Amino acid sequence: MSARLEVSAISKSFRGLRAVQGASFEVPAGSIVGLIGPNGAGKTTCFNMIAGVFPPDAGEVHLEGRRIDGWRPDQVCAAGVGRTFQIVKPFSGLTVLENVTVGALLRSNDVSSAQKRADEILEKLGLGPKRDLLASALTLPDRKRLEVARALATQPRLLLLDEVMAGLRPTECDQMVAVFRELNRAEGITILLIEHVMRAVMALAQRIVVLHHGEVIAQGTPEEVVRDPAVLESYLGEETEI
Amino acid sequence: MIARLLEGVPRRGLAALGALLLLLLVFPAFASGYLLSVGFLILHFAFVGQAWNIMMGFAGQLSLGHSLYVGLGAYAAAALYVHFGISPWIGLGASVGVAMIAGAVLGFLAFRFGVAGVYFAILTIAFAEFARIGFDHFSWVQGSSGFFLPVANYTTNDLWNLRGSPKMFYYLMLAMSVAAFVACHALLRSRMGYYWQAIRESPEAAQALGVNVFRYKMAAVVISAAMTSLAGVVFAFYYNNLFPEQIFHISRSIELILGPIIGGIGTLVGPLVGALLLTGLAEGMREAMLQLGVEVPGVKQVFYGICLLLVVMFLPHGVWPPLARHLGLERGAGRREER
Amino acid sequence: MDRRQFTKVAAAAGTVTALSPLNIARAQGARLKVGVLLPRSGVQAGIGQDCHRVIDVTAGILRDIGLPALDIMNADTESNVDVARSRAERLISEGAQLLVGAFDSGQSTAIAQVAEQRGIPFVINIAAAPPITEQGYKFVFRNFPTAPMILGDAFANQLEVFQATGVSPKSAVFMHVNDTFGQAMQKGFTGVMSNFTMPYKVLQTISYDPAARDLSVEVAKARASGAEALIMVSRLNDAILITRELIKQRWTPAAILSMGPGWYEDQYRKTLAKLGDGPMSFVPWYDPNKKLSKQLEAAHTKAFPDIDLNTNHIYTFEALLVAADAFKRAGSANPKALADAIRTTNIRDNVSTGPGIQFDAKGQNDKLRNSVVQNRGGKLLTVAPKGAANAKPELPMTAYDKR
Amino acid sequence: MPVEIYLNVAASGLLTGLVYGLMALGLSVIFGVVRVVNFAHGEMMTLAMFLTLVLFNALKLDPLVLMVPVAAVMFVLGYLMQAGLINPFINRPEHSQFMLLVAIALVLVNVQLIVFGPDAQGIRTRYSFDSFKLGPLVTDASKVYAAGAALVVAAALFAFFRFTLLGKAIRACADNYDGARVVGLNVKRLYALTFGIGSACVGAAGAMLMVVSDVTPAIGPANTLLAFVIVITGGLGSMPGALLGGLLIGLTEALGGVLFTPSAKSMFAFALLVLVLLFRPQGILGRRET
């Protein structure tokens, strides 16, 4: 498998505080990779550097061989990377359908075809009945789904999911897992996900990268990683849901 | 094209709009000169309110210096007419151009350097004030002593040179307001409209969905500036004199944004309802004072201020959204929730 | 609801008001309905309200000199052109047969267009922008000098004053407020001055912002020029500010020659007391020796003991005088007949300085003359021109720190 | 032109700037904590000026003494305004707050017009026309006193926020709204107090301004704008920033007036504002919002 995303030795500091330190990992095309680590390990910072929210202080990010670090978020998105936000950012004053249509417009010629595409995605994620509600009227799990729907609407080849399962009940969580597995299987979307819910990570990810204090301390298959002593140590005292 | 425009507008709303348009069309036949001038003012404020609404209501960028574009538009067309005899219909090209450049410069500086929120609002005021003082010293257009256009000929309506009766100006303003309404409706339903609203609600999320936030914010400022400058052209030829102290003054900026805020920001009907309400309120108060025999200057403004206060306290989203719900016209009214 | 219905409802609602003398007169239709538009709120409220003071005084005087009574309809322009225009329309629709106003050039132009289009005569009380009477209006009349007229008279009067006092400053600095009036004066200044042989050279021209809160820089600049005299075109607030700065910066020019409002106003003299003495104002004024002036002065003092008669009162009064006179001669309130009557106005017995009130083909009274008033002992004395003076000019000014 | 003039003008500009700075201080205090931009600031200032005028005419006390009662009255007024009118708007969008304060400003200006009339009114103190002469330097005594008082008020305010418990509580509230609520601070009351303190500042500045200039209802809006320019230049929410902004604007206007045409001097102030906004959007001494 060739690498869809290649992160090489990226670092980022905020006011002298090192958030990420020389992190390197790969996301092979067509795979699902989990990025885990305790709170404050630098997972979201990594995401933001990949998605173009801010450039890395050092290191490079390559998407399908093209160097994308330093690009703006909209350019990264246009290059085929969709993302969700850990703290959801719905367009509160717009309806659910309109929210997703904004995403779909990226690859549509006109508004009506974007709406059609948005409708399909909403159906897929079980938000169909709520399409005409204002986003501000949704429950938190639904808002998480909306985040995913919007990102999917941009037709990404790589999907960055930032804790989309947090706060979901186990059954809802399983539904989500099924959706992602289906997306990955049927449409070949590569997924990189940050997740605290280990049940979901274990179920989904083929590979896992573990961050701790901004450094990659382990990576491999889920089975390898959970047996890694360094990982166990770093998680000691942390809430783990295996 | 037309069918597309009408798509999604409820039939009741369409009927109401049609009735309103008909009313506005026949209004001059019954109106006295006074009511006609009030009608002109209402349409004028509805038009500029609509233009301002593109920037604030659609794209979420608060401008408190829109008098800049009114003034630039007015001076550009008037100067070309007075100095070179160029028809305002050609001159408005210059007006639009100058206003767009001003808007682009302001937008570029603000958005490139990350000036946002209150700071952005103050920056727009600073630009307008800068222009006001600058035009006070601009001798090509007579500086602060005032720029006078040759007097209007009232007997014949010369639409080409915008010389004519108030009726002509009323219909011109009506046509412009209708055009602005339709254009805004179309804009709101276009890709740009979706992107603007996304930026208004959450610029970060919009950018993550591939929206070039800088470009679309720029577009909002430039389009809004261009539209506003058209109102300035009409202003110049309606009043036939321009003073920087009047046209660039911050009180004009405030005056022109009260309408859409009171009417309902981000809605299409809001600016019209707001202009109607505020102008009607101001005139009604003057009448009431007259009938009550209150001859104290300033009393009318006090009551006007209190009315504004009450509206903004109890109708945070403006008058139109709750009214539209009440009339069952909700879909056409547009929505806007607390940010 | 249109206007007629509105009045009906209002009339039905209040029979008490309908019985008041004013309404009886209106019912008889004997009076001329005059709409008076003044900026009585907003930024120009001070001047608008000052102009308005004279209106109540006017009725008695018109009666005394045998002119018909006027039915005054007041309107506040709120210092805003939009409002000025719609108020003018409103007054006309309410039945105004003649309009008077509006102090400000911008608002006056807005009203002039309405008047012209509706064929209602409009008598401008105060507004000095030259273009207003250059527009070819047929129904617009101005009994107030234009900026070049004011300048021409000012220079002539200055020469008279210099000769009478034996004090001729060799150099001067010209300071003007950068508003409509100030800039109109500045534009005419050099050209008009070249028609005269003035003893002084203008070393520097300083324009300042009408909204300035602080004029220390401006005065420091003027002082540094080393000029003997200070020539001013200002408003009230800035006149006070400048005087304070003169005192604080310890500079007493030999003469302060003002060619606009401010320096003669009550508020100026009240605020500065004896420090307000000395400046001369070369302004459109009244001839204190005329009979009607004495009548107006007496009536005005009775109504406002604390306020001296000034330009605002005089020209607002004369605008109403023109209206009443034309109404009497026309014998009807028909606007067209009124306009014709105003065109042939020839009032000899008036208040303002000069031979009287007549209008040229453009609707401008070109016979108006300036006076020179000097603040002395807290009072206003008219010191020139000779025929219209009640005192002799005094120069140079007493140093501020010697008072 | 001789060098003295530049010295004189610069000195005068700095003194005026300090008075400007005090005027803007109230705005900055309020924004720094409550995060509401007081668009009725200048109108409140004219109210304080009229209040000083009335008290002066009744009591014949020096305005620098009257500063205390005027500030007290303005404190109460500010407190009530925040508690009654502005508080429901704390979490509303900016344009909504803007509307509210514009409406308040409109009412204030016109009530003043009705009550006090449109004419400029001033007061005369013993030192109204005094000036100090130091070699070639001639400085206006009133401005020196007013600037001195500005420094005292600013120092007192600074001490209050730094050393008193209440001041610290208010600062905590400004730093972290939710945090302050969690630890049990009565945020509503603290906001009202802050608005009161800001208004008291406006009151003190108004009393002081009466020493150096006259008052009319019409000067309110211009003062609002000036206060904005100063506060944004110096850094919204920063107290030393407001004084620094005042000094800079005072100096810029003064030197702009001397070197170029005085009627365009406020253009230089706006130019300075634009430059600051572009290169340091949070203002010279402002903190970047995170």
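Per-chain residue numbering starts at 1, and chain names A, B, C and D are given in the order in which the chains are listed.
One rule holds in what follows: a contact is a pair of C-beta atoms (placed from the backbone, for glycine too) under 8 Å apart; a residue touches a chain by one contact, two chains touch by 3 or more.
Nothing here was measured: the structure is a model prediction, and the numbers come from that model.
Asks: Using the contact definition given at the top, which chains are in touch with both subunit A and subunit C?
Replies: Chains that touch both subunit A and subunit C, as defined above, are B.
Asks: Per-chain C-alpha centres versus the global one: which chain is nearest?
Replies: Located nearest the centre of all protein C-alpha atoms is chain B.
Asks: Roughly how far is subunit B from subunit D, centre to centre by C-alpha average, rounded to an integer in Å?
Replies: 32
Asks: Could you grab the centroid distance between subunit A and subunit D? Build each centroid from C-alpha atoms only and quote it in angstrom.
Replies: For subunit A versus subunit D, the centre distance works out to 49 Å.
Asks: If you average the Cα atoms of subunit B and of subunit C to get two centres, how far apart are those centres in Å?
Replies: 36
Asks: Between subunit A and subunit B, tell me the centre distance in angstrom, where each centre is the average of that chain's C-alpha atoms.
Replies: 43
Asks: Which positions in subunit B are in touch with at least two other chains?
Replies: 133, 136-137, 297-298, 301, 338-339
Asks: Where in subunit D do residues touch at least two different other chains?
Replies: 110, 113, 261, 263-264, 266
Asks: Spell out, as numbers or ranges, the residues of subunit C touching 2 or more other chains.
Replies: Within subunit C, the residues that touch at least two other chains are 41, 45, 48-49, 178, 209.
Asks: If we use the touch criterion from the header, which chain pairs count as touching?
Replies: A-B, B-C, B-D, C-D
Asks: Quick check: in the complex, which residue numbers of subunit C touch subunit B?
Replies: 2-3, 6, 10, 17, 40-41, 45, 48-49, 74, 76, 78, 80-82, 85-87, 89-90, 92-93, 105-106, 109-110, 113-114, 116-118, 129, 131, 135-137, 178-180, 182-184, 187, 209-210
Asks: Which of the residues in subunit B end up touching subunit C in this complex?
Replies: It is residues 30, 32-38, 41, 133, 136-137, 142-146, 148, 150-152, 154, 165-166, 239-241, 243, 245-246, 283, 286-287, 291, 293, 295, 297-298, 300-301 of subunit B that touch subunit C.
Asks: Help me check something: in the complex, which residues belonging to subunit D touch subunit C?
Replies: 1-2, 4-5, 8-9, 12-13, 16, 110, 113, 117-122, 124, 128-131, 133, 138, 140-141, 212-214, 216-219, 222-223, 226, 253-254, 257-258, 261-266
Asks: Could you list, by residue number, the parts of subunit B that touch subunit D in their complex?
Replies: 56, 62, 64, 109-110, 113-115, 117-119, 121-123, 125-127, 129-130, 133-134, 136-137, 250-251, 254, 257-258, 261-262, 265, 296-299, 301-302, 304-306, 308-309, 312-313, 316, 338-339
Asks: Within the complex, which stretch of subunit C touches subunit D?
Replies: My answer: residues 41-43, 45-46, 48-49, 178, 206-209, 211-214, 216-218, 220-221, 224, 236-237, 240-241, 244, 247-250, 267, 271, 273, 275, 400.
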